[in-house]
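Let me begin by handing over the structure; questions about it come next.
Every chain is named by a letter (A, B and C) in the order it is written, and numbering of its residues begins at 1.
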Amino acid sequence: MTISNKTKAFLGSSIVPLLLVIVWQYVASSGYVASFILPSPNQIIKTFVTNFVEKEYALHIAASLKRVLIGFLIGTVSGFSFGLLMGLSRTAEKIFGPFFNVIRQVPIIGFIPLIIMWFGVTELPRIIIITVAAFYPVTLNTFAGIRNVPKEYFELSSVYGYKGLKLIRRIVIPAALPSITTGITLALGMSWAMLMAAELFIQTYFGIGTRIQLGRDKFNMALVIVGIITVGALGFFMTTIVEQLAKALDRGKIIRKET
Amino acid sequence: MSVAKGTLEIRNLSKSYVVDNNPLQILKNINITFPAGAFVSILGSSGCGKTTLLRIMLGLETSYEGDALIDGEKIEGPGSNRGIVFQDHRLLPWLTVGENVAFGLDKLNRKTKKLLVDEHLKLVGLSGFEGAYPAQLSGGMAQRVAIARALANKPEILLLDEPLGALDALTRMYMQKELERLWEFEKITMIMVTHDVDEAIYLSDKIIIMSSRPGIINKIINIPSSRPRDRASSEFMQIKAEILNEFHLGSEYPFAYAI
Amino acid sequence: MSLKFLQRFNVKDRLLGLIVPLFVLALWQGAVSQHLFSELLLVPPLTLWNTIIELFRSGDLISNIQVSLNRVFLGFLLGGSAGFILGVGMGLSPVINRALGPLVKVLQQVPELAWMPMIILLFGIDEFARIFFIAIGAFYPMIFNTYQGVSGVPEKYHELARVFDYKSIRYLSKVIIPSALPSIITGIRLSIGLSWMFLVGAELFGTESGVGFLMIMGRQMFQIDVVMAGLVVIGTLGLIINTLLKKFEQFVLRGRVSFDGGAA
């Protein structure tokens, strides 16, 4: 009897996390460390369950999701349009490119104090931060994707008389699609990361970030950890969905790989 | 009694891989002696196991039945008594030409190293290129650097794995002359794997013809004629016809051409 | 050479690039002149410039920049070297990769900022907490890019190393690292970029020094010019760091025009 390679791989990759949990449970229950600093896995599961039984926790999650989706959508659509413009027109690139590249150097978090002063502690600055986070990667990847469309495709298009919108829809966008979807996937990750900044630095009543902050204020580490797990898991699910969508969209994948 | 170093013997050698639980025989009962100082070619179509055979001689393949011996000693792994020129020049792109040639001379002091590098770059006709990077060289030049790197180690045996396979036809013929010159100068054993019939006839004292599935030796042809050889001579043509016959490519039906 | 020079500094293109900044500046000045917004929300460009000069002269700016740069450096050193070492280990050893890979992937799902409250609970809002937080930001790009570079070393180079008997340190320093270098340098660049980003995050959580501190103070005292000055400084430093890193990358990877070499 031999253990299959898959099982072996699974066992191999679960050893370290398993060891960590065991050590963790041991240290936590030994009493060396105060439980508000290091709650046992047991406590965390309990907190997790009580949290999810409450209806309120769902409201926090919903608030975060809504924020991210709005910012992500606005950022993606505007980033795609802007990237398309700069990708198609060298003049547009020369006009907007340098300014875009300089502004992009400013860490997004740095804008927070300024936009709070402008718009107050409201939903708008939160959405702005998330939008900007999504805007950059989509712009960059759309632009790069279009610039990397092989010039042979353009030659082919001119032979068959493809021009204007038809050229963009039938040739440019499909050829740049892998790069564009990469940008969108990155954008989702960035939005999700900046959601945390938006909720931690721009106080709000509802949001997963708010819950994590609450845990910190109440010296309740279990609450903090449950929040962290929630954020990580939701981020993972959303990224997976977008990645799968991107895969489904890229029909010519196999051919592209070979060339 | 002085023994000429650089004799390589293959005795009763067989090798098979397991593919989907079925053994696939790559080499079957190979027996060859490569005399010291000879130029021997192994000729065969792709898939006949000739490259596997070369890798066994090099010491990169170690699981097989039978014996591979150098000067009577079993090959345990790669060693400095054998040099190798791969089909892709395999120069390290982050090293200069000079550093690439010195790659196997790491243990020597700086002065000796430089002496050997200069000597071998001169030998392959690339003096003055030691500061260039591989990316700046043409395919033929890169392959000459690879040859210099192999020779700088002063091997008893130089193994050549389709060394000119990636070059264009004219460069290739030129490099064949160069190889002959180097062989005559170094007076070492050279063993070359190739699928180019003309190349094998032009360079070899002995041609080993292999056929595939499983890889076996079909025929060994000795070529005693003087050098440099005339590719247009009747003797050359005769040997070529003999070899092509082995591959069932000879003109068995000469009248077929007349139709 | 001279042609390249001309292309890079094409005057017309440079001028085109000035259109947007000048337009923004004009709009800004116009809005101020027309009193569209309160002085509390928008100061004239000139005032902002004066504020920057003033902060610079008083030494406030320099000392705070030093503190911030120091934090970024320490955070990058800590997180980057951890990422580098683990990345090399995972790239070379399937066992280490199987043991650590999934764990790192799971941890990576958590946005870096979400760790901050936890770090503060553990260490308090002190210097170590900030550096640790920056290190988390620096860690991920370094470990992934190093791993990718090292695990992607072509089999042919491994073979070459065996033929020429390269082992352990020599193998690592002469073959593995140079081969993985483009990827590793990308890792360094991203890593330092993120360190810079998370520095601002770390400082906004509360600190008594640093460029972020300047901005918090500005906000609390309703000095929008100070907040904007901080933003300009952060952006400029980010730009400088990024430019230097790009030059560094070009310098290190010089000669590698086509990475796979000529033939093949």
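The rule is short, and it goes like this: a residue touches a chain if its C-beta (ideal position, glycine included) is under 8 Å from a C-beta of that chain, and two chains touch if they have at least 3 such contacts.
None of these values were measured; they are calculated from a predicted model.
Annotation for subunit C: without this chain, the others separate into A | B by the touch definition.
Legend note: the chain whose CA centroid lies nearest the centroid of all displayed protein CA atoms is C. The most distant chain from subunit B is A, comparing centres defined as mean Cα coordinates. A straight line joining the Cα centres of subunit A and subunit C is 18 Å long. Averaged C-alpha coordinates put the centre of subunit B at 49 Å from the centre of subunit C. Per-chain Cα centroids separate subunit A from subunit B by 53 Å.
Residues of subunit C touching subunit A in their complex: 13, 16-17, 19-21, 24, 40-41, 95, 98-103, 106-107, 109-118, 120-122, 196-201, 204-205, 212, 215-216, 218-219, 222, 224, 227-228, 230-231, 234-236, 238-239, 242. Of all residues in subunit B, only 58-60, 77-80, 84, 86, 88-96, 103-104, 106, 133-139, 141-143, 153, 166-167 touch subunit C in the complex they form.
Those residues of subunit C lying in contact with subunit B across their complex are 156-157, 159-160, 162-166, 170, 174-175, 178-179, 181, 255-264. Per the touch definition, subunit A reaches subunit C in the complex via residues 9, 12-17, 20, 36-37, 91, 94-99, 102-103, 105-114, 116-118, 192-193, 195-197, 200-201, 209, 212-213, 215-216, 219, 221, 224-225, 227-228, 231-233, 235-236, 239.
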